[in-house]
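The structure that follows is given in the form of structure tokens.
The letters A, B, C, D, E and F name the chains in turn, as written, and every chain counts its residues from 1.
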Amino acid sequence: MARSHGRRSDQLRPVTITRNWLAHAEGSVLVEFGGTRVLCAATVESGVPRWRKGSGLGWVTAEYAMLPRSTNTRNDRESVRGKIGGRTHEISRLIGRSLRACVDYKALGENSVLLDCDVLQADGGTRTAAITGAYVALADAIAWMRQRRMCPGDPLVNSVAAVSVGVVGTEPMLDLDYSEDVKAETDMNVVMTGRGDYVEVQGTAEGTPFDRTALNGLLDLAAAGCADLTRLQAEALA
Amino acid sequence: MARSHGRRSDQLRPVTITRNWLAHAEGSVLVEFGGTRVLCAATVESGVPRWRKGSGLGWVTAEYAMLPRSTNTRNDRESVRGKIGGRTHEISRLIGRSLRACVDYKALGENSVLLDCDVLQADGGTRTAAITGAYVALADAIAWMRQRRMCPGDPLVNSVAAVSVGVVGTEPMLDLDYSEDVKAETDMNVVMTGRGDYVEVQGTAEGTPFDRTALNGLLDLAAAGCADLTRLQAEALA
Amino acid sequence: MARSHGRRSDQLRPVTITRNWLAHAEGSVLVEFGGTRVLCAATVESGVPRWRKGSGLGWVTAEYAMLPRSTNTRNDRESVRGKIGGRTHEISRLIGRSLRACVDYKALGENSVLLDCDVLQADGGTRTAAITGAYVALADAIAWMRQRRMCPGDPLVNSVAAVSVGVVGTEPMLDLDYSEDVKAETDMNVVMTGRGDYVEVQGTAEGTPFDRTALNGLLDLAAAGCADLTRLQAEALA
Amino acid sequence: MARSHGRRSDQLRPVTITRNWLAHAEGSVLVEFGGTRVLCAATVESGVPRWRKGSGLGWVTAEYAMLPRSTNTRNDRESVRGKIGGRTHEISRLIGRSLRACVDYKALGENSVLLDCDVLQADGGTRTAAITGAYVALADAIAWMRQRRMCPGDPLVNSVAAVSVGVVGTEPMLDLDYSEDVKAETDMNVVMTGRGDYVEVQGTAEGTPFDRTALNGLLDLAAAGCADLTRLQAEALA
Amino acid sequence: MARSHGRRSDQLRPVTITRNWLAHAEGSVLVEFGGTRVLCAATVESGVPRWRKGSGLGWVTAEYAMLPRSTNTRNDRESVRGKIGGRTHEISRLIGRSLRACVDYKALGENSVLLDCDVLQADGGTRTAAITGAYVALADAIAWMRQRRMCPGDPLVNSVAAVSVGVVGTEPMLDLDYSEDVKAETDMNVVMTGRGDYVEVQGTAEGTPFDRTALNGLLDLAAAGCADLTRLQAEALA
Amino acid sequence: MARSHGRRSDQLRPVTITRNWLAHAEGSVLVEFGGTRVLCAATVESGVPRWRKGSGLGWVTAEYAMLPRSTNTRNDRESVRGKIGGRTHEISRLIGRSLRACVDYKALGENSVLLDCDVLQADGGTRTAAITGAYVALADAIAWMRQRRMCPGDPLVNSVAAVSVGVVGTEPMLDLDYSEDVKAETDMNVVMTGRGDYVEVQGTAEGTPFDRTALNGLLDLAAAGCADLTRLQAEALA
């Protein structure tokens, strides 16, 4: 089975990271993994949520959403339905947790960064593109804060990137596009730091349950993919 | 007072209309009025809302929304708040009414077109940019339908464009950006057909009530601005 | 085509303004434009919304709603549906903007007036009747405040009245009732001050777009109608 | 303690029942118990809720609401809050149950009557006034249906009326107004048929729990009050 | 007609009251009336709702809910539907009012107790079982507070218990199970103090309206049933 | 650091699985992992969701919720807040996916099983206890269906069990209770089939990111724990 962009099973799609895509946000990135296009905007707020006040610690959180016609078939707006779906909740929480892994709350001081990740166009891997792009927007927002001497130290202590892997047929593949994703027996999202440690591993058997050997193969693919993305993030920020 | 882009009081900001910005939608346009950037996606659905079934007539409707960080200060998502605000409702209804003015429902047959207008970046005039761009997305969607012989006739019987005008200080101005909009005494949005007739006139005294002379001056400015936009739409569709 | 109440195309329906219809409200009016019957209640609150605190300025706002069986076919309650519709939002905002045009916020001091406009019976022109009646309720509420020396000055610096006009067939008409409204090609609501200036002009082509001549004809009719309503308001308040 | 309207502890307030207060509803009543003023509108719909379809039986239901400024202090609209409060739910259910007690579902056929009871002004006893007025609106709606031969038989097999009773200080009183209601130790609402049977008895100790003797005294007062109301309903319908 | 558990028409079902069913709550009871099983948890909070602050008085409130499969046919979760139904609201309010009848707010000081009554299994009489069990949980929570010297006095000045009675066919019966409840012509819930006074009487004619004699018979049955429950509560607390 | 129940780091807490805890549900289990107590109810419905109709395939889904006082500090009800939180959504989806891994949709025919997992008491590992218990309730529900010959084949083709593992300090531990969970650097939930394959692996670095060695150690612990739970499920079903 031929892959889009003529790539091998262990290759990423073409990735582009465009910084400062928005005029108003303190950090903003348009990230593209092939046909997947996510707009990541970082908003700096001085102050933290109520439950954290007086702690001297900062906070980082995220919200993920898809534009209604980012997908092949239009989805109703969650604002119109009046409630946020489970998938949206789940991915917003995942992005927030992932980004928090590279932040030193004490060095951030009682400031917050909120990352809005809006999918403009979807072709598989929207959550991993969002994490990868949001890291760059976060880095820009933190640089913005440091220029204004808002932070007591350097809050950015690590980097994070994320990629999806999966077994399609019997073949493990890196960075699945939508057509591959719907056929995958197993689907895994892996979030790793720039140093090669795990922040989050989420593997799901969509079809047949998978064994330890398959799991190990997917973890190997993901580690190489995240290392590539870490390099691309560094180049974008250079 | 100097205007952005060094323009005169009767000049539009630089306008760009980029067609086919999205891969999945039947028509899609990224429209820019200076720093205002709206993504318009047209979705074709065969069938009409329940109250219109069996009439033989089609339907066109619209939904408008702003990304949370499209503005200088972040706005909470309406999906998170669980309800749609009055301004959003009002603008969605305005866009739908405006677009319906250029459609022959009978020639459309029992098909629907839904126009999603999402503001990626806001700098004044988002609703008028949305209408102007949505017309082009609608034209593309109708062309798509006609290629597939979905319509009994040619539903596109007119064009529509929209522009804002206002009195800033005592001077009437065309196509206000955000910094002008907040200072305007009077604010008016005008939607016109390509033939120069009115579809919608909405004028509001934000400060001092205005007299008939001021109203006439604004209507003149708007007519010239809409004529310019009509020409730009035609060029984009050529 | 004969009009209800045997009136000419440039005549209002019989208008009655009954003050003090409610025992508890600081100002209250039952306003009738023919078969349209709106109960307007003004509530005085000392203090202003959070975003206005400490400014020394007051605030005026409005909420509009229809009783479920005010219309020929029953409408579900918005409280039961759990959300407010776009039309309700739009009209509430229009009434608030209109009333604010006759108030000097500084003379009002940090006090608020909230105008509840509930349609008991609907026969076209509910929003214009609401604005016209709410002005009288507001005047009574401000008199109530001034008696109690709540305001630093006289906040009522103008009056406002509103009327609908439209083209039915080819004839421009004043103060459309429901049967005329559904047939109108063009529908316009005009809010004017007692001095004859415009506060709000909202014209919509329901059918064929309209030209400048038609627009001018409708504006003439509306000016005469608003002048009549201003006189009736003054008589009611005398 | 003197009662309003100079009445004895076993007397109703002045009661007025104005039929046909609304132009559109199949039955409508403005009912007044002293300063309490409730607008009751009956809507006839052919058909029944889904769970009752095919049974050959009709349905009667009710919705109760208060206008925001019907009370001394303004209450937020339930539509704005986005949910219906417990008290509103409870009273709507009570009115529906009460009205159903006078209807023969089989004679009604698969038709529904919905009673909207909107409190325009509140001075105690709004739910009992609503039930008493809604019965008259229901009777008119059923007459309307019978004229159009919509019903297989005569669905109105009884009448219902309701009154509040309570112990204020140590004295049992009929038809409490608001100033009495807030002082009452015990508060009871009684719904009875025109034949003197009970449809609903709801007694609550707001302060000290009450004994069987007090309960019996209140039931006696309520029976006399309901008999008076039944007579007034009959006169109104005559 | 034979009753479940071979009981007479004036007999309760087997009642069990298991204290301390939960590890975390300050008071908790699993109460069973035959097949009806309700988990009552009392939560102590220091402080009172805003409208009561500074009064020196405490507060007691309750929330009632049913697990989706507590009944024979599954009910959708109210959290999934996004709103609380009328019946739930009504019963929550009833439980709160009932429990407040045995509390001296002044002796409680500015503390609150919230009683969560969750129906794990339903077989008729869930609200009366909830009140009966919640009293025991409340007593335990108050003992817990008094051990920690949170209260200025002894807030528990009475006890409350509740039972349902009804007319099935023509026979008055105590403590109806579900199969009896659906057949009942009249259904009454009675809440009484341990001293035999009434806190709440709620009687409803589900079918034929009932007369005073029937009412008296039901009140007699209920008084005996509540006295039995009071004894069982005392034994459980001994 | 001593563990509760005096257990080693690779030992489960005492597990009990009580079948038929509810009278009405087609399958029901009270599952306890130490102090964690979850009530799992399986509801059989003939028919499938709309999007699956006519496929000949069945469906299995789940809803998870916590009673407000299942935890040490009371949580507001999601029904009262009017929306479901992200954590609840996420866990409901996880349980549904996990259970679907042991079902042959074709053998189930167009029938649905809905698993309600309500946490009565929480002490860590509520989601893994829920999955483990829900499997047994599902097995009972499927047996119930097969007795009634509702299914074309045997839908239960596997078993699933789940356990949490985590690194507390530097020590990997099995089946964390709440006090361990809050201290864990890494937290992982693993769902496995009775044959030892993975259905879901969800690992999160709560503190320091973890390396491949730590991940492998946790996967080993989880495999042994799931095998124990599979044995306990089989014993309960024997």
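Just so it is clear, a contact is a pair of C-beta atoms (placed from the backbone, for glycine too) under 8 Å apart; a residue touches a chain by one contact, two chains touch by 3 or more.
Just so you know, these numbers come straight off a predicted model, no measurement behind them.
**Q** How many steps does it take, at the fewest, to get from chain C to chain D if each step moves to a chain that touches the one before?
**A** Steps on the shortest route: 1.
**Q** Keeping to the contact definition above, tell me which chains border both chain A and chain C.
**A** Chains that touch both chain A and chain C, as defined above, are B.
**Q** Rounded to the nearest 5 degrees, what angle rotates chain A onto chain E on CA?
**A** 120
**Q** Nearest whole angstrom, what separates the Cα centre of chain C from the Cα centre of chain E?
**A** Roughly 50 Å separates the two chain centres.
**Q** Mind checking the centre-to-centre distance between chain B and chain C? Centres are C-alpha means, answer in whole Å.
**A** Centre-to-centre distance between chain B and chain C: 28 Å.
**Q** Quick check on chain F: which residues sit in contact with 2+ other chains?
**A** Touching at least two other chains: 82-84.
**Q** Chain touch graph shape: choose line, ring, star, complete or other and state it.
**A** Per interface graph, the chains form a ring.
**Q** Take chain A as the starting point, go toward chain B, and spell out the full loop of chains.
**A** Listed round the ring from chain A, with chain B adjacent next, the chains are A, B, C, D, E, F.
**Q** Using the touch rule from the top, collect the residues of chain E that touch chain D in their complex.
**A** 83-87, 89-90, 92-93, 97, 101, 158, 188, 192-193, 195-205, 208-212, 215, 219
**Q** Once bound in the complex, which stretches of chain C touch chain D?
**A** Result: residues 22-25, 28, 35, 39, 41, 43, 45, 63, 65, 67-72, 74, 77-80, 82-84, 88, 114, 116, 118, 120-121, 123 of chain C touch chain D.
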